[in-house]
Every structure is written in C-alpha cells, then in structure tokens.
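You will see two complexes here that share chain A, one where it goes with chain B and one where it goes with chain C.
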Partner chain A sequence: MAAITDIPVAKSPEPPTAIELKHRRKALRSQILRYGLLSLVGLIMIYPLIWLIGASFKTNAEMFSSPGFWPSEPTISGYIEGWKTSTPYTFGRFFLNSLWIIIPKTIGTAISCTLVAYGFARFEFPGKKFLFMTVIATLLLPNVVTRIPQYLLFRDIGWLDSFLPLWVPSALAGDAFFVFMVIQFLRAIPRDMEEAARVDGATTLQTLIYIVVPMLMPALISVCLFQFMWTMNDFLGPLIYISSVEKYPVSLALKLSIDTTEAFAWNQILAMSVLALAPSLAVFFMAQKYFIEGISTGGVKG
Partner chain B sequence: MAELQLKSVEKTYGNGFKAVHGINLEVKEGEFMVLVGPSGCAKSTTLRMIAGLETISGGEIRIGENVVNDLVPGKRGIAMVFQNYALYPHMKVRRNLGFGLQLRGKPKAEIATATDEVSEILEIEKLLDRLPKQLSGGQAQRVAVGRALIKHPDVFLFDEPLSNLDAKLRAAMRVRITDLHKRLKAEGRPATVVYVTHDQVEAMTMGDRICVMKDGHIMQVADPVTLYERPANAFVAGFIGMPEMNLVPAVLTRGIGAQLTLDGQTVDLGDELARRLYCQDGPVTLGIRPQHLGVAPAGSPDSLTGSVTNVEFMGHEVNLHAKVGSATFVAVVPSEQFDRATQRGDKVGLTVSGRHAHVFDVTSGENVSLKGQIN
Partner chain C sequence: MGGESKWMGLWYVSPYVIGLLLFTAFPFLASFYLSFTDYDLLSSPEWVGLDNYEKLFTRDRTFDKSLSVTLIYVFSTVPLKLAFALFIAVVLNYRLKAINLFRTAYYVPSILGGSVAIAVLWRYIFADTGLVNMMLASIGIDPVNWFGDPNNALFTITLLRCWQFGSAMVIFLAALQSVDKSLYEAAAIDGAGPWKIFRHITLPLITPVIFFNLIMQTVQAFQEFNGPYIITDGGPMKSTYLLPLYIYDKAFKSFDMGYASAIAWVLFAIIMVLTLIAFWSSKKWVYYAGDKRS
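Now for the complex of A and B:
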C-alpha cells in the first residue's frame, strides 16, 4: 500500500507554502476517496459472508425479520442442533467422510500429475503431440458431458456408492487442469539441475524425486490446495455416486437438512455452512504464501 | 584419470541439421584441453556428447579403455561444471557436494571426509551450511567445481564455467582452476580436462592444448604458442589474437624474395617467407598480426601507403586503423613511438615484417607459408 501514499513529505523544517498546502489537501482528498470507494465495494462483496456468520447465531424467528447481521439474542443452538442432524449420524461423521474423500484424492492428484507432467515436459516419445492435445482437449471439455458415460462405466465396474469413482480418476491424472499447470511450471525450470543430477549418477526416478519435486513444491502446493477446496465444495460428484447417508460428505449433508425438515431450520443450515467453510479457509490461509507463488510462477490464473 | 578419444563423432539433429561433422580428437591423460570457437560452432554440443547429455549420431567416444557411446552420464566416469552452476537450489552446499557420492551409496562418514577435503581445497568451508541462493557468483562457481572434484572423475568437463562472472573474478577463477589442475598433477592424480569457452584469453592462458572449432569442424588442435605463431588456416589466424590478424587479399609473385602486390603497391617480404611458401604465384590472402605491422612516414621504401581511418588510444599502445585501397589494416604501435599529431585522413606508411607474415590460400583458407615448420 506504500505506493498509493503520495502525500508529499516535507523534508525541510520551513513552513509549507500555500501551493504545497493546496497540493497536500488535494492528495489527502483523493486518498480518502480512493480508500472509501475500495472499502465500500469490498464490504458489498464480503457482506453475504458476514451476514452468514451473524445469522448462524440468530434464532430461526429472527432470521428473516431483521436485515442486519448482528443477532439481537445471540444463541448457539443452531450449532448444537445442526451438529446433531436429523439422521442417526452427527455432522462429525460427515466431516470425516469429506476428509476421507479429500485426502486420498489430493495425494493421488499430486503424485499422478507430477508423473504425467514430468513425462510431457521433459521426454520425447512417439505420439507426444497427440497425447498432449488430448490432455488439452479434456481440459476444454465441459465436465457435464462426461458425467453419463462415466456413471455407466462405474456402475458396470460396480463402484457405485463407494468413494472409488471420486478417487480413481484423480489418481490417474484425470484432472487435466492440474497436469497443464504443472507442465507450465516445469517448463519454466531450467534443465541444468536435472542434467547435473544425471551426471551425478541419478536415475530418471531419482532425478524426479530428489531434484524436480522439491523445485516443483510451490506448484504442487497450489495443486493440493485447489484440489482440497474444489473437492470440499464438490456437490455433484458425491450426489451422483454416493447413495447411503453414512457415506455422505459435508456438501451433501447440508442439502440433507433442507430435504428432510418441513419447516427449514435455517439457523442450523447456516451454522453448518459456516463450519463447512472453515477447513478450506484455514488451509488456504496456512498455505497462502506458497499458493500465490505457485499460481503466479505457473503462469496460470486460478 | 584416463585419456579421452573422439573418433569420427557426428551429431545430426532430428530436423536434419548436422551440427558436428565427424570430428577426431584425442585428449591425453592429465591434459587440459580447451575447446574454443565462435557461438554456434558446436563446442558445447561436443562437450555434452562426451558427457552423455546428447546422443551421438555416429562415431565413437572412448574414455580410458571403455567405449561410452551408450552409457548413461552417471556411468561414464565424468564430472561436469555448468555455465550457470546448476547447483541444486533446495540443498545446502554440503549436500550439493555430497549428492553424487550419496547416490553411489557411499557411507556417510566417507562423504563427510570427502566434503571436508574438497571444501578445504576450494576454500568453501564456511559456506557449507548455506543454500545456493545465499552464495555470490564466484562462491557458487567454486561449489560447482567442488561438486565435480569430489567424485574423482576420469574426465572433468567444463561448459563455459566463467562466463557469468565479472571480469575481475573471471581472471581470479582462471588462475584458481589452472592452479588446481597443476596441484592435482603434482599430487599424482592428474585430471583430464575438457574446457569449453568462447573466450580466447581463457583458451590461451589455461589450455595445454587448444582445439579451435568452426561450424562443427575442428580447424586446428595445437598448443597456444603454435596456434598463435603458426595458425593452420585463416580462420584460426583470425580467431586467435587481439586485435585480430589483418587478412587482406593480395597478389603473390616470386622473384628473389616474395613480393606481394596490393592496391597497385608492391612490397618485398623477403627470402625467409619465400622459402616457407608452397603455393603458386597469384591471388592469395596476406595475414599479418597488428603487432607485426610497423608505422613509417608515407612513401617510405617497402611500405604500403594508406590513409588513417581511426586512432584508438589504449594506454601503453595505440591501435591505428588505416585503409590501403579497399583493405583495412590495424596496427598496434607502442604509445611512445606514436606520433600523437596523426589524424584521420593522414597518409601513413605501413611496413610488414616478412618473418611474421602468413600467406593463406584464397579458396581453402589453408596456411601455405608453413613449409619446413614443425606443426
């Protein structure tokens, strides 16, 4: 923000002249205007989130009666009741399910994307151009198009109502976006270090593990973060493949409370939504530094 | 340590471009061989083929007794120092040095001893716990040399290792590397070195022998003195030496001595040159180093009269540029012998020292004035 501050600093002890004062007042006015406008727009953007958090502490009756976000009678009953859910399971179960989907999927993505990207970025092999075009083509293909064939495939294999349809495609580098991102990142890294490792006697796999992966770390952290957040928020995938409530992740469980109650307990839904946001936010802030580095060096917008 | 042999080594790229045209080169055990040439002459490609980082399209590379054509770099008994150091950025200096030994499964104690020994030789003991990004260019270069040294390779390969350093540091590192080579020799473990550079000063000061390359061909392999005094062709003559040798078209006629005619002016370059020649009379290229041209008053006997086009004052000497007909000559004259009043456009006489003159064939560029000379 230092660059925005353009109020002239008086270097000499002499009293400022009239023109100087005029300039300073002008600069101050424009600064107030700029910050005011930015704050206002920022507030508009973030208001739904603030309201969500505020409303989660409101009673159901108060929810739609006052537009403000500050609860008149703060209560945590929404959290307590919401956590219990209308099913035999608590929300804790759904969080565990979510983690059980996310963690293997993220690890699988990181490993498979690294291997595939390393192959594309560093080796020459027959059909490379065609295969790379296929990867890019899947990147451009809308997800929805593949839903039905994929569903039929997994049904025939007998994987329905298990986490396998959510894990396996990612563990086989099915997320073309991540592959592409890592390839771009790798292309920007000079090959000299890998050549030095080969001269030092490293095999291809040793070069990958000891030299390439550490240099790829910022990109891999971004990949993991994206995958974490997208999987956490994924609704359609679990909705299609998972049918028993005991395997529901958080995203489905939230919907569940809307379905099963006649008079919606909005404060419970909102309270659980706040909790559902927490893991993504926490992970993002913890890894923010690497995340930004990864996106900007990878040359891919998030 | 071992000798290195290249036999008819070729490199053709996938797009059909032939970068290296069947070169033959022998580097003796413990020899410091410098590959030098302008950019694009395939000197780095040649080095990378020796290292195994590029495949070869034909011929044979031999290190010691072994043909290494199909061996991976790690099995060739080589170590390489890269132009931009190529230190592993995420490893501390200590691990950078020991990484090669670690991959070979050497015990930790042995790696530690070797690391200490090498860091003492290169005076990098204090840097062992730093990351590469915390090193200056010169320090990083020393670590890169250390990483090669620690492996006791049969052949050391250097790929323009000093080109990223400033002039002062480059001079210091030059001395350091040659000292290291001598030290290893004195300790009874001579190092065979192949050193690639585009800088002729590095080539002349460091190499036991120098291999001058152009467009994937070897132009001459010789020790620095031979290369300077008896260049095999016009390319080597022009490439080695500062300022570069004057190469001008002339017509040769032989009477008692060797007369060269240039722009209607004829100079006699004497018997000594005539005896060295093995070519027909007719058009040739005259080669004379700027240091072997004398400046005399215009019209002096046996001098070429030209007009001054530029005068460069270099301190202890002056570079005088003069045009004789369409040919431009550069003469290096000691400052104290130089007439400071000389100006652009003045007429000046240039005397050619026949003993130092070279005559090159016009078409092949071959030096045809080396008869009876040991080369």
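Now for the complex of A and C:
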C-alpha cells in the first residue's frame, strides 16, 4: 500500500503538505474501492457467459462436477451432435431462417423510420400533434393487449406460419421506439443544408435521400443493430406465428432442442446456445459505440 | 420548409398511420370488444357481457395466484434492478480509466438478456448441481433448490431480470455525465460531503431519467414472458406463472380468445393505472430544469 501512495508523491515537484497527503490517500482509497467493487460485480456479471463457453466444450460427465470453466478433456462433440438436431434439419437451416426474418425486417424498419421521422421532424401537417402523441402512447402501450387481435387478423388474411406477421408491422414503422429515436435525432440536426438544397430546386424526396439520410446514418445504424439483436432474440413472435419446424428461427429451435434432448445431452444444448448468442455478441462488440449512443439518446427497453 | 403542400408531411408519415390503424388501433379496440365475448376460434365471437370479468375476479383461483405472482415479481424486480443500476452508474461515474471496459461488461447481459439461450443458461447454472450450487458448496453452504422450491423459483427468475440492469445503467450514466461539474465544485467548497452532494444535487438533477427508467422497466416487467416460460414453465405450483403466461396459455393453447383478452385488459388496466399514478406523482418529485427538452 505504501508503495502505491508514494507514486503520486514522487511526481510532485514540491514536498506535499500533510493535508494534501491525506487527501491523496483518501482519493486513492476511493479509487481502489471503486475498482475492486466494479471488478467483482463485473466478474459476477460475465462469469455465467464465460462458463457457458467453457461448458459447451465439456463432456456431459464433467458438466456438473466442477464450477471451473476450463474443460479437462475438451471436446467438440456437443457442437457436432447439437448441430444435427433431432429434427430433419440442421441448425444451419435455423440460422438461415433467422437471417431471413431479420434482414427484410431490419431494412423495412430503417426505411419506414426514416420516412416517418422526416415527416414528423420537418413538416407541418394537419393532425401532426395528435399523431406524434400516438407515437409516445404506442411506446408505452403493452403489446400484450394488441397481440390476440393481431393474431386473428393475420390468421384471417392467411399469413400464419409465414414470416409476414414478423416483417410487415415493422416495415410500417410499427416499432415506436425506433421512430421516436430517429425523430429525436433528426430534430437535433440543423436544417441549413436541406434548405439550401430546396432553394436549389431539389424535391423533398431528393433532399431526404441526398442530404438527410447521410446525416441520419449514425441513428439508422443504431436502429438496424438493435433491430437485428432484438429479432435474433425474439421468441414470442415466432412462437405464436411460426408452426412448421422447417421455418423455425434459432430461438424456437433452441427451445425445441431443450424439450427433446434434455435428459442426456446437456453439452449439445449449451453448444447451440453459444452459437445462438454468437451473432449478437459479434455485432455488439463490432459496433458497441452505436449501442451506447442509441441507448443514451433515445432511452431503450431491455 | 417549402410551402408547397400541407399534405406533404402526411405523405411521409403515411406508413406509420397505416401501421397504427391496422396493427395498433384496430387490435386495441378489438381486444376490448373480445374481452366481452366467448370466442373459441371455431364459431364467431358470442357476446357474454361482463361474464369473463366476473369469472376472473370471483371464481378463477389461477388468476388470483397469477396476479399476485405478477405483482410480487414487478414490485421486487423493478426497484432492485433500478437501485442496482443507479448504484453502479454512480460508482462508474468517476474519472476511472477503465470506464468503457466496465460499461461494456455490464451492458452485455442486457443485450442478450431476452434470448432463449440465456434462459437455457439460467436453467443450468441454477440447477441442483449447477454452477451456483457448486460455488456455494465450495464455501460450505448447503445447495439451494432454486427452481424446485416454489418459495425460491420466483426469486431466481427475478435475478435473471436484475442481471440485465445494463441498459438502465447506461441511461443513468449518460445522465450523470451530463450533470454540470461546477455544481459539484461549488457544493464541495461550501463543505458538502459526498453523500450530501449526491442526495441534494445529483439525485434531483437525474430525476427525469429515473422517472423514464421507472416507467419503461415497469411496463416491461409486467410483460415478462421468455424467462418464466422457458426456465420454469410457470411452475412449480404456479409460483412463476406470470399473467403473460396465463394469457398465452388461454389464447394459444386452449383458444379461449375472449377470456384471454379479458385477462390482457386487466393487465393493461393495472399498467395504465400505475403509469398514471407515476405521471401524476412526478410533478412532486421529478425536477425539470425547464430547458433542453424538445
């Protein structure tokens, strides 16, 4: 301890007074306390995930015998067997299904949110105040109250067991959180360039595409990343709408594999859980700046 | 901008308007109507007046149980999670070099939290011979029956939610970092200690964010589904049978759409009343600086 307190003292050009020393020691103690506490909590937070990765390489016999994460005889049999699944399809199929849900949904979200946010942030029109209030209200409206009639609606138009119920509401700016986030972002951008473009004769749509969209990029990237992650994790939506196994996304397939393989093959389920988390983790670590910014400007669920 | 047409803006927001009508407004009203009907998907909805509600409140033991479990869940999860998020944000909000590293570590569980894979993980680490019990054993504590005992199961589900405190924390941290540093310095010169500064300067200034987090977390907690559905399937003895699970079972397993809608409306009414109370009370405790709010 003494050695550590000496470091700042040594840097000081003049001999510090007793009060200064006391202050420094106090600040240092606070630093150590903070780092210690944060590291401990961080470890508790992250250890389950680290353990998960280690356990996915363990044998079933070792899984419940030691709390360490390093497997004593590493094996990839969990991945090989788990990938095959108990269905006629492999997990590859389920990953493609997830991707096929995510990509159109994300593109639809980004385009519709851009148009709608542009409308709200840059134009005056009859009923604007009321419509904006409905954005806020929808933000707070629990989905649970609209879910059943939505299901009945999709059933009546023959969309059950297809991806349309998952795509279409989002493509019509149905995720109020994203609409709100982009509106807030756009409101903070100065209008000078847009006005200049309009004076030069650009239409509003040209202004949107060539001036506004490039400036909106950071917000749109946040929207796409969140939508990717939430859709990847979404369970209830596919659970209600997708019934044939060939169309299952990863979340449903994982639930299916718990129900069908539980009794003996733990490492298969854990191995597939690691794979299911991998895309979200990869995206998060590649682009965490956008997550932190998105969450801080718009506020977020989760 | 350009005065060409007052309809131009409406054209741009039209996707939203269509979506709002089709997927929010219509279902919202329809579910209210359905809650007064008996509808099994085979024949058309049959009007039964207040029967569903009457049955819910007087004869449905499962509903009573589910409602009380839901209330306990929400009122324990939300304060715990928010208090923890705020505490960690305050500790982090200091000139620490590793602030970004910690922020990332804490945020990761929120990103993954709702996924099936995390629920699976939770099942394994809280299993009878799982990670948590093995760790407890190594420090000489008897194993706990985390999911099998009705007294513990809800707590274990609550922990899963609290583990995801990261997003609330990031929002708190952003608010803390925007507090004007000169206020702290002025208070310190006046001789205020760290607790006093926190209590009388920091806390009032971030009340808008506390309020926001409180509302959002409450609305979400009332709708928790994945965790209890995948981990415990509502059991044991319905001790984790939250209302969204009950609604799901009624609607999509027994196809009792009218009754399920009635439960959904009761849940909605509870959320709305609590939200209104929060908004009403916010005048007393939420501090708005009166600027920077668009």
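Observations on the structure shown:
One rule holds in what follows: the second predicted complex is superposed on the first by the 253 of 302 C-alpha atoms of A that agree within 3 Å, B and C clash if a C-alpha of one lies under 4 Å from a C-alpha of the other, contacts with A are read in each partner's own complex, and residues count from 1 in each chain.
Simple rule for what comes next: a residue touches a chain if its C-beta (ideal position, glycine included) is under 8 Å from a C-beta of that chain, and two chains touch if they have at least 3 such contacts.
Treat the numbers as computed from the prediction; the structure is a model and nothing was measured.
Partners chain B and chain C, brought together by superposition on chain A, fit side by side with no clash.
Comparing chain C and chain B on the residues of chain A they touch gives the larger count to C. Touch criterion met: A:I211 reaches chain B, while chain C stays clear of it. By the document's definition of touching, neither partner reaches A:I103: not chain B, not chain C. Contact with chain C, but none with chain B, is seen for A:L37 once the two complexes are overlaid on the shared chain. In the superposition on chain A, A:L172 contacts chain C only, with no contact to chain B. Once the two complexes are overlaid on the shared chain, A:A196 sits against chain B while remaining clear of chain C.
Chain B and chain C never share a C-alpha pair closer than 5 Å once the two structures are laid over each other. In the superposition on chain A, chain A positions 195, 198 are in contact with chain B in one complex as well as with chain C in the other.
Chain B contributes residues 51-53, 72-75, 78-80, 82-84, 86-90, 99-100, 103-104, 147, 151 to its touches with chain A in the complex. Against chain B, in their complex, chain A makes its touches with residues 190, 192-193, 195-203, 206, 210-211, 214-215, 217. Across the interface of their complex, chain A is touched by residues 1-2, 6-13, 15-20, 22-24, 26-28, 30-31, 34, 88, 91-92, 94, 96, 98, 102-118, 120-121, 123-125, 127, 129-131, 134-135, 138, 163-164, 166-167, 170-171, 173-174, 212-213, 215-216, 219-220, 222-223, 225-226, 229-230, 244, 247-248, 251-252, 257, 260-261, 264-265, 267-268, 271, 275, 294 of chain C. Those residues of chain A that touch chain C in the shared complex are 30-31, 34-35, 37-38, 41-42, 45-46, 48-49, 51-52, 55, 63-64, 66-67, 112, 115-116, 118-120, 122-128, 131, 134-135, 138, 140-153, 168-169, 171-174, 179, 184, 187-188, 191, 194-195, 198, 204, 229-230, 232-236, 240, 250-252, 254-255, 258, 266, 269-270, 272-274, 276-277, 280-281, 284, 288, 291-292, 295-296, 299-302.
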